[in-house]
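Take a look at the following structure, please.
Chain naming follows the written order as A, B, C and D, and within any one chain the residues start at number 1.
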């Protein structure tokens, strides 16, 4: 994703980029990208160096611990940070860790934002991502927005620091639950002899409709562009959905919320990921578990 | 609902109606309707009489046992049925009972259809109901369709006898699950300090979107026309949703389907209906249970 | 089971038996049993004949519909019933159907009892079954008890007609839930590196202890006599447990009870039975589902 | 609990105690205890001082973060630790944090043990606690055992460091699930008209039996000494059970275990604790939620 986002940033703005990744393959992709874009991409030798040469920093990492390490470890980004550097973290992580890192950024003089995205690899490629942004003030949000518009279409101001994470995780928790609910309904109808395409058509114009029936229907041969139609390849990996469901469980715990359906859904994705092959398939492959036999 | 449907039938067609109901209040509403419509409505003294004077019969009843009794009891509809009478049952009942009654109708020379509706009282009033129809043949379906178009907008051919029930129950089972999932997501976000309107707006343009967030959002002050905005009055009663969830559990049992999320949702509606007042509120009042304290 | 129960009845009492079964294999077992017991077993040619020649009737059938048919169908037991015949149904069926059949028995002059058993094939063989009995009066219960003591050890008076079924189904619903809970706890400990025998030992002397950890521990090599130690063979079949869980769901529906854990457990047994081979294994084979990978 | 444990330690051994608590009330209780025991209890002014004056340290704290802080913070226990000090942590905390702290203790020359207890306040008072102990070697375990026998009856060697926590949490996760399952079964039977005492008696001699039906039956008037008989006072608080359920969710996540029933149970305790008054009642007060209306 980072590569696609950088590519759009180069295309849609005048920014020059300083990049860092621990994966050499990604680095060499960036080198190639640079040669295609008048050498506007430079590879940093450390996070500290990257920070010291940037007035805007954008991070996109898999887990809470990575974000904390990237910013706060010795020789991390904070160690090289200049005053008023814009720091946008687009990782999807625990709200509590996000706020903690944002506070550290602020303490070092940076301007913190949490800005997780939705839209997946496709959205990153097409610069049509949605960014859900938490920031200290609406004025600061406007600054971040102007930058993010180079990579996305909807830049939403969600409120205080951390609220971007919260909104993202609420959406994905709901998505995780509705996908399984959709899988159960599709499987039930099909087992009772109804044509899956017809069933989806009725649901999609009725009150059962949801993104999971309309866009990513888990039953094959219903939506041509859905991952289910491609043996559940591409799409949003079941293991990534599981990660987000676990984040939502943390959010529920910290806020004292009872989330029975989502808690069950979490364990169903856990079971899905425990089945050979499915962890790396699209999360709609939960249909294989639901429809067994 | 029956009253609204009859009213539209009178308005949109040349049919004269023979009606029957065990509730005197409903009967007197029909008498009034008749006086407004050139006496085209006649009240039958028994189901047998009604059947003997009709070439098309439309039934709309609360439960499986009522439908079976209306058709198959002594002096029931079948006892007065003429050959080739069109028999459309719009009740939402067990698929197995529906098929059983349809087979009895066929044995008595009638032409059976199961045709449950979605769209609620509002849809009945506006003649915008969706009818999900199971029939023996596509040709017979066309006959039923021409009649049903006087009361609804979408008349969907779902397949063999019973398939109308199956499609209806799959949609409502999914609706039941997604509403609770939506309630959990809205409650989580709000507890973590996000504005409910903003949260709904993001979800509604993202992958978590569903009818339950877009049209009937369970959090008050998000969708002006949602029951949640009117203290959960009107709408689709929690006890009716519970009834449909139980029907879906029967369907799952009979087809050997595992429906973990829907089974949990069923019990959550059961708990909702066990709380004073909520049984007769819209089913989105499950939000009160979810968001307690 | 019927065969073992009959065998004990012959051994422990002076009764002569008239038997009926639709399965010829079972009939030939009864013929053999007769030759071993001074021809005290006679095969009836119909249920009507059986009833007309018996002053005590004992039925043991798989499902509600079978019990209803055996008693109430044309030429069924009721058609041959003499006044004051003792009618004990040991099937595990819906409480509502049980009460309905009992009322029919009473109307025909018989003395009805519902008396489902626990203890399984082993208990039937050893005459150590528990009978949970519903009857009209304590005095009538005493009559049934004297008969049932020939086949069981604990004959429990549960209250009015139907209460035997209720008590049985409450116990088995709880058993179904605790077995899965035990499977989750054993699997969790083992995955985290604890020895299963040690884990079970601690649990069995602590507050987590239950029949499912002490007697039928689902992890192999913990309890020598548990089905898990014999590749989940023998024991109480997963499909039988599923049947009882569905009965408990009916009981919960009819009484307006919310049973979230048991509803989820029901669906987990459904999923278990959808896996090749497991339906006919002991219900503790749910461990294979839980511990996958 | 700490007070009772200290009291037994004084009574059953020759140890002199150095104590520390942030709560002044607890401290004054310890002062009183000292006066009753020949001044064998001395209050430390800091954790560092306590460590420097002790050859055995026993900690009992509410949460993972407290244990980490007590040992690892500046001026914490590790800062005053002598070589070969026995460090027994009896808190119930995350296995991963427990192992992390144990490793720190070892690095500072101490001998680490995780030794969470079961048996509650009653067990602490009666010196009948069960200690579930993880240690580096069986020989080191024997040393800890000789100390712990002054405060408990069963000192169980569970395996490597962390295994005490794992065993404890597996037991309590199972307990949490079975209590709700028991509540559902008791409520179902009672709603269907069965006497609760009779129902419990049958279950307790049948396969549904568990600690939650036998010792702490959640229905009032069944077990005289159960908290349910005392309006759910005393016993093991619902909020403490919720804490342990959350720990079990962490354990399940870290080990890749799917725990559907326990995850649902967790959320049901969350809902219980969200109801006024119930958080501080015994966890069997979940019965009030289950049996509503």
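As a working rule, a residue touches a chain if its C-beta (ideal position, glycine included) is under 8 Å from a C-beta of that chain, and two chains touch if they have at least 3 such contacts.
The chain list, named the UniProt way, goes like this: A, B, C, D = 3-hydroxyisobutyrate dehydrogenase.
Note that the structure is a prediction, hence the values are computed from the model and not measured.
Peer 1: From chain B, how many touching-chain steps at minimum until you land on chain D?
Peer 2: Counted as steps through touching chains, the separation is 1.
Peer 1: If I superpose chain C onto chain D using their CA atoms, what angle of rotation comes out, to the nearest 5 degrees?
Peer 2: 180
Peer 1: Count the C-beta contact pairs for A-B and for B-C, then tell me which is higher.
Peer 2: By the number of C-beta pairs in contact, the winner is A-B.
Peer 1: Could you put a whole-Å number on the gap between the CA centroids of chain B and chain C?
Peer 2: About 39 Å, centre to centre.
Peer 1: Spell out, as numbers or ranges, the residues of chain A touching 2 or more other chains.
Peer 2: Residue numbers touching two or more other chains: 252, 256-260, 264, 268, 271, 274, 292-293.
Peer 1: Mapping chain-to-chain touches, which pattern fits: line, ring, star, complete or other?
Peer 2: Its topology is that of a complete graph.
Peer 1: Okay, in this complex, where on chain B does chain D touch?
Peer 2: 260, 264, 271, 274-276, 292-293
Peer 1: State the interface residues of chain B toward chain A in the complex, per the touch definition above.
Peer 2: Per the stated touch rule, the residues are 95, 118, 130, 132, 154, 156, 158-160, 162-163, 166-167, 169-175, 177-178, 180-182, 184-189, 191-195, 198-199, 201-203, 205-213, 215-216, 248, 251-252, 254-262, 264-265, 268, 290, 292-293.
Peer 1: Write out the stretch or stretches of chain A touching chain D in their complex.
Peer 2: My answer: residues 246, 249, 252-253, 256-260, 263-264, 266-268, 270-271, 273-274.
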